[in-house]
């Protein structure tokens, strides 16, 4: 179960004349939660974007299950769920339409389970109203419904708990815990402490910056 | 030598304006392409030096 | 409940379905934003109106000018609508999700460009007969005009999408797109107006249409590659 | 990346090092500068003083010695920009990005020079400053392509993103250049009966084309000088945090 999923070696990245991290190396195993910590502007989001493959402005090596990531992009993307700052939800489409398109993008997902996923995030009854009529929290929950749909092994979550109420946070934490128990991995940033999700390893980028 | 006198050379058979205008422009463009990077270089070196001094003083 | 995380994946949706889903999604999005849907068309009509007012309302003169005017207006109208092709997706994060999909990006890009063309190029082609009457274009020229627009405007959408993809990360990309894309539009403009003029004078059209078709074929093969690369670069920045 | 290194020659990877490139440029610069100076001076003296006047165009023909080299250079500079951009995209080679960026302004000024000399030459030959001649028109479009690449490059803040985006754009332009050229040639013959063009002459005597050749080679040498000057600036700017740049600056 605890095979190495993602391995990062000597990662270097600079932004606006500033070194964000230098010689950053770590591994993420199956069944592990890794929390990226750091002050605002320490490069948390940048790191997550690099790991997910969105940003290519870095030096160093990233391996996915032992293979250099450039070689296994497609396999990696099939195993990845990325949750970014922007929720990736079209305001003019209904929650259902949004998730159906997401299923189309990830061929292995079953569109028949969209209803179920929306129910899980408490959006039952909102399936067919355009998302721009929903509240900010509901809007975000549409995007979070992807966590229930997904069969990806690696979750990269950037601030997944903002604009979510307490009860929602607890449900999300339980979901993350279950994902990890099944052998999946989670890399996330959050301002809140994670509770009851098992072992959380943290990587602090502030110390990185000083070293670099 | 295809000209007999200097005035003939200057007038270029009545096309002096066009020929000399062209060559002046050509010279200007060539000089621009050499002077601009040289000036840029001195500006850049001065700027980077100032930066280095700032960095050396601050810590 | 989550599915067990087993690596045996069963593709529930194939590539053709993704193409169809993206096409449907983009069309639906445009249809729900009616103002943006008709804006290029209105712009097209307005630009056309400027010529008789600005140059001369004399029928013979306008008829001579018509092929060029219609093509230039079509070109500008396409360009105007280009900026929004990827911008909304970029702003709300859909573009990130698109780029992280294990499916080929080119497929989605093609579907998006096709949707864009259906709402601009195709629409312009359909109103072209009306415009040709207003500009006194002889009736013999109308089929040539419509055929050339039908073959030429998809190329405009494809090439414009490269510009849109390159500038999507910039706050004000609108003017820049025109600067990047207009020089690339020139061959389409030349062959398009050539086709209409040939049709008006009763010369054979086949050569022009074949050239426009060749440009379209080349664009269909190469532009999605460039658009995909440009999107990854823009999102990466 | 590691596997790729095997089949490319060693100098390619040395070239990839900005420091090596900066030093080799510094060594090559004087040679090229001297060659450019000799060739250009010799060429100009020959062109203005010794080359015979054209039997049809008279002395205005002497503009060819600037017009043709600048036009050739503008085109090959674009080619170089696109190829360097492609190398930068494929192998993530920083120096190639910098070369591509340095090419753009030189090529653009060469296109401007070709256009201006073409227009000035057009006045005595055609009787008007501007004629929609196929060559002039495609040169104008080439200038637009350069301006587009430069505008994109300056609009994007992140240096590496700007380099990659301009590389994609210049490659798209490279594919388009033959198409544009063909379409403009064809459009031109359609619009006006083929008159005599600026540069196509049946047979040029040796005392006319030898100085022309000298000027072309001289322009290439001048291009190399200007490119290396710009490239060195670009390397200094992009590598400002590298140790060797600091040492270099402090030693001055």
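We just call them A, B, C and D in the order they show up, numbering each chain from 1.
Convention: contacts are C-beta pairs under 8 Å (C-beta built on N, C-alpha and C of every residue); 3 or more make two chains touch, one makes a residue touch a chain.
All of these numbers come straight from a predicted model, not from anything done at the bench.
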Practice task
Could you let me know which interface, A-D or B-D, is made of more C-beta pairs in contact?
Solution key: B-D
Problem - Chain nearest the overall C-alpha centroid of the shown protein atoms - result: C
Completion exercise
For the pair chain A and chain B, the C-alpha centroid-to-centroid distance in angstrom is 55
Exercise for the section: Return the distance between the CA-based centres of chain B and chain D, expressed in whole Å. Expected result: 16
Practice task
Could you put a whole-Å number on the gap between the CA centroids of chain B and chain C?
Solution key: 44
Handout entry: Between chain A and chain D, centroid-to-centroid distance (C-alpha), Å
Key = 47
Practice task
For chain C, jot down the residues that touch at least 2 other chains.
Solution key: 236-237
Handout entry: Multi-partner residues of chain A (each touching 2 or more other chains)
Key = 57
Practice task
Give every touching pair of chains, nothing left out.
Solution key: A-C, A-D, B-D, C-D
Exercise for the section: Going by the contact rule at the top, pick out the chain B residues touching chain D in the complex. Expected result: 1-3, 9, 12-16, 18-19, 21-23, 25-26, 29-30, 32-34, 36-38, 40-41, 44-45, 48-49, 51-52
Fill in the blank from the handout: Note: in the complex, chain C contacts chain A through residues 2-5, 9-15, 17-18, 21-22, 25, 28-29, 32-33, 88, 91-94, 96-103, 108, 232, 235-237
Problem - chain D partner contacts - residues on chain A that touch it in the complex - result: 57
Practice task
Would you mind writing out the residues of chain D in touch with chain A in their complex?
Solution key: 158, 160-161
Handout entry: Complex contact set, residues of chain D against chain C
Key = 89, 141, 144-145, 147-148, 151-152, 155-158, 160-162, 164-165, 168-169, 171-173, 175-176, 179-180, 182-184, 186-187, 190
